[in-house]
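Common to both upcoming complexes is chain A, partnered first by chain B, then by chain C.
After this line comes the complex of A and B, so read on.
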């Protein structure tokens, strides 16, 4: 099923929580809404689910206008950050909730609940109450409950944000598997965590200050970010001010070979892992060294700008205060506007 | 722990014990002692007897207890229904503040004034309730709605709206969401509202004394009347009965609350 947001604006009192958001998610596609808190990503999701009413714009499911429909009539699965499992119901009754609301026959409910609990690996917990489960287990049940009603659209609102790092990684893999199990499902995935967005999404919509600012396929957005905000938010890119002249781009007076100037783009974007140390690069000074287990992250000062550099942990690491030269390979550089 | 030293702790406990003992325990102890006293002329009561208690439990006086219990359950529990209903209705609605103020009005004004108002309002046709038990029940209902509303409205503030939203997204109709999700989540608050309403209703005097008919005299009113006539020991015995009944009822209602959720 295709989800369409057509110029949707949401106001809460006087504050504008979402401003003319237009987005289409195709059947089988996963789109991540990525942005800092307060950027409007959750509001967009709530508008699709029907929890908030847009002050203008339309929401369509498969071309049909659902803007005025209550959430119960939309048939959309929703998973939220705090799980929202009904605390007074056992796991199996939580999963059966939507099926019973639709008055499905008893036998079908039992079968579907067993199937869903099997899908998320929670079969042996059917008789437990939510408070007897860990956070990760609760979120699995919440996913099973949302999928039990066979939704054609699944909305995930920061589903992993309340879990610790190890569980988050595990559940991320399970979500990837889930996409293969239900191939026609359209998924909107709200997160502030770029690694979740990169791992799951076909396309990423970057949001900032109630607006959708960039929307592109995941790899495109990562490799050639269209804006400075997206570049730094997605992949923590370095942004270096440049001077352009006569088909040459210079950083701190040093020509970067192979990079062509583009008018109006005044920043050079390069990922920390793409920067190399070596002869003939832009001169800089090391101001910090952080060991990260598999790598070191150096902070270098280049013409008043701090540049992050990832170094393999097995190589030589310069000390703080050392003068280094930063090589910026042209294939890893892209130019963005301020 | 703010106080670390041993003498400091001892002193804190001593001060607490004195204040709590004098203000809370002592009046109870005196009432209980008076209920079993034959006479009380010296520092301590003398001539222990159960005569007062027997009188308090005799037919005519026991009727007051029955009246109090009926009023408390009828008025108090109706108040829980009305209070819960209006708290849920007002929650997140635009006139929520207005509803808050309106519901707190009966406890903001003196209960005697509430009683007087009801007396004036319901003494003429077509709403002639003066002289019936219903005017007492209504007085209790009006006063207890404020407490029920407050308890449920406060609990609603703490309930994550996602529960109701997710239930709706699963296809549940608004009434299904109400009965199967929202009310069960509010059960602890509703149970404590019920306990509070019944307990307060059992002890209500101010409004009751303005409106009660001779046929519907609650226990606190009876205690007040006895004390007024100087029959302190019988009044004390009735007070012990009232105390015991209230504690029993509230304990029973507290059981309804069940184990805490989440």
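After this line comes the complex of A and C, so read on.
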């Protein structure tokens, strides 16, 4: 099923929580809404679910206008950050909730509940109450409950944000598996965590200040970010001010070979792992060294700008205060506007 | 231990006096039709009022919590104000509305048990609403949203999500109301003096009007046993529930 937001604006009183958002998610596609808190990503999701009413614009499912339809009539699966399991119902009754609301026959409910609990690996917990489960288990049940009604659209609102790092990684893998199990599902995944967006999404919509600012396939967005905000929010890119002249781009007076100037783009974007130390680079001074297990992250000062550099842990690491030269390979550089 | 002694002197000693005074009257009181009628009437009025309060209170709490209307917050704070007023005010207001010279002139309605029940529902409904409003404001919005997204209409959400989770609050408010309506005196005195006699009324009549202290004390002891018994049962029920929830 195709989900379509057509110029959707949402106001809460006087504050504008979402401004003119237009986005289409195709069947089988996963789109991540990525942005800091207060950027409007959750509001966009709630508008699709029908929990908030757009002040203007339309929401369409498979071309059909559902803007005026209550959430109960939309048939959309929703999973939220705080699980929102019904505390007085056992796991199996939580999963059966939507099926019973739809008055499915008893045998079908039992079958479907068993199938869903199997899908999320919670079969042996069917008779437990939510409070007897860990956070990760509760979120698995919440996913099973959302999928039990066979939705064509699944909305995930920061589903892993309340879990600790190890569980987050585990559940991320399960969500990837889930996409293979239900290939026609259209998924909108709201997150502020870029690694979740990179791992799951086909496309990423970057949101900021109630607006959708960039929308592109995940790899495109990562490799050639269209804006400075996206570059730094997605993958922590370094942004270096440049001067352009005569088909040359210079950083701190040093020519970067192979990079062509583009008018209006005044920042050079490069990922920390792409920067290398070596002869003939831009001169800088090391101001900090952090060991990260698999790598070191260096902070280097280059003409008043701090540049992060990831170095493999097995090589030589310069000390704080050392003078270094930063090589910026042209294939890893892209130019963005301020 | 002086505080314990003080409490003993001020609280327990009068109760013991009442119990001792009551001894000679037990046979007469327990055998009298007057007493048995009043006992039955007391329980009937208390149970009817409590059920009424639960129904009206739940309805109002749901409307205030979930149906957005201008002034909902004002209404919620009015509920609190209501708790501060004395109960006989309601009875007094009723005489202006339903009394023989009142707006509706409903004749004898005011002295019937139904008038007492209506007045008690009016006055005690806030006692049910207060814990319910608190419970409903604690209910996570996301649970209601998710229930709706799973295809549940408002009625199903109310029955299967809101009310089950408000059950401890309903139990607490309902049991408090039952206790208070069992012991209600002011409303019955103002309204039902002629046609409706409850246990507190009978204590008043025997003790203050007829100077039959032993009988008054005997009835008072029954009243105390009834209240403490109910209190013990409900404490056990509520306490057990709390233990299971945590």
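The rule is short, and it goes like this: the second predicted complex is superposed on the first by the 338 of 338 C-alpha atoms of A that agree within 3 Å, B and C clash if a C-alpha of one lies under 4 Å from a C-alpha of the other, contacts with A are read in each partner's own complex, and residues count from 1 in each chain.
The rule is simple: contacts are C-beta pairs under 8 Å (C-beta built on N, C-alpha and C of every residue); 3 or more make two chains touch, one makes a residue touch a chain.
It should be emphasised that the depicted structure is a prediction, and the values quoted were computed from it without experimental measurement.
Asks: Between chain B (first) and chain C (second), which does A:272 come into contact with in this model arrangement: first, second, both, or neither?
Replies: In the superposition, A:272 contacts neither chain B nor chain C.
Asks: After superposition on the shared chain, which partner residues are touched by A:101: those of chain B (first), chain C (second), both, or neither?
Replies: both
Asks: Quick one: is A:57 in contact with chain B, with chain C, with both, or with neither? Answer first, second, both or neither.
Replies: In the superposition, A:57 contacts neither chain B nor chain C.
Asks: Considering only touches as defined above, state whether A:225 meets chain B (first), chain C (second), both or neither.
Replies: Touch partners of A:225: none, neither chain B nor chain C.
Asks: Is there a shared patch on chain A that both chain B and chain C touch, and which residues make it up?
Replies: In chain A, residues 46, 49-51, 70-78, 80, 82, 84, 86-88, 97-98, 101-102, 145-146, 149 are touched by chain B and also by chain C.
Asks: Mind pulling up the chain B residues that touch chain A in the complex?
Replies: Residue list for chain B touching chain A: 160, 162-163, 165-174, 176, 180-181, 184-185, 187, 261-262.
Asks: Considering the complex alone, what residue numbers of chain A touch chain C?
Replies: 46, 49-51, 70-78, 80, 82, 84, 86-89, 97-98, 101-102, 142, 145-146, 149
Asks: Show which residues of chain A lie in contact with chain B when the two form their complex.
Replies: It is residues 46, 49-51, 70-78, 80, 82, 84, 86-88, 97-98, 101-102, 130-131, 145-146, 149 of chain A that touch chain B.
Asks: Can you name the residues of chain C that touch chain A in the complex?
Replies: Counting only chain C, the residues touching chain A are 140, 142-143, 145-153, 156, 160-161, 164-165, 167.
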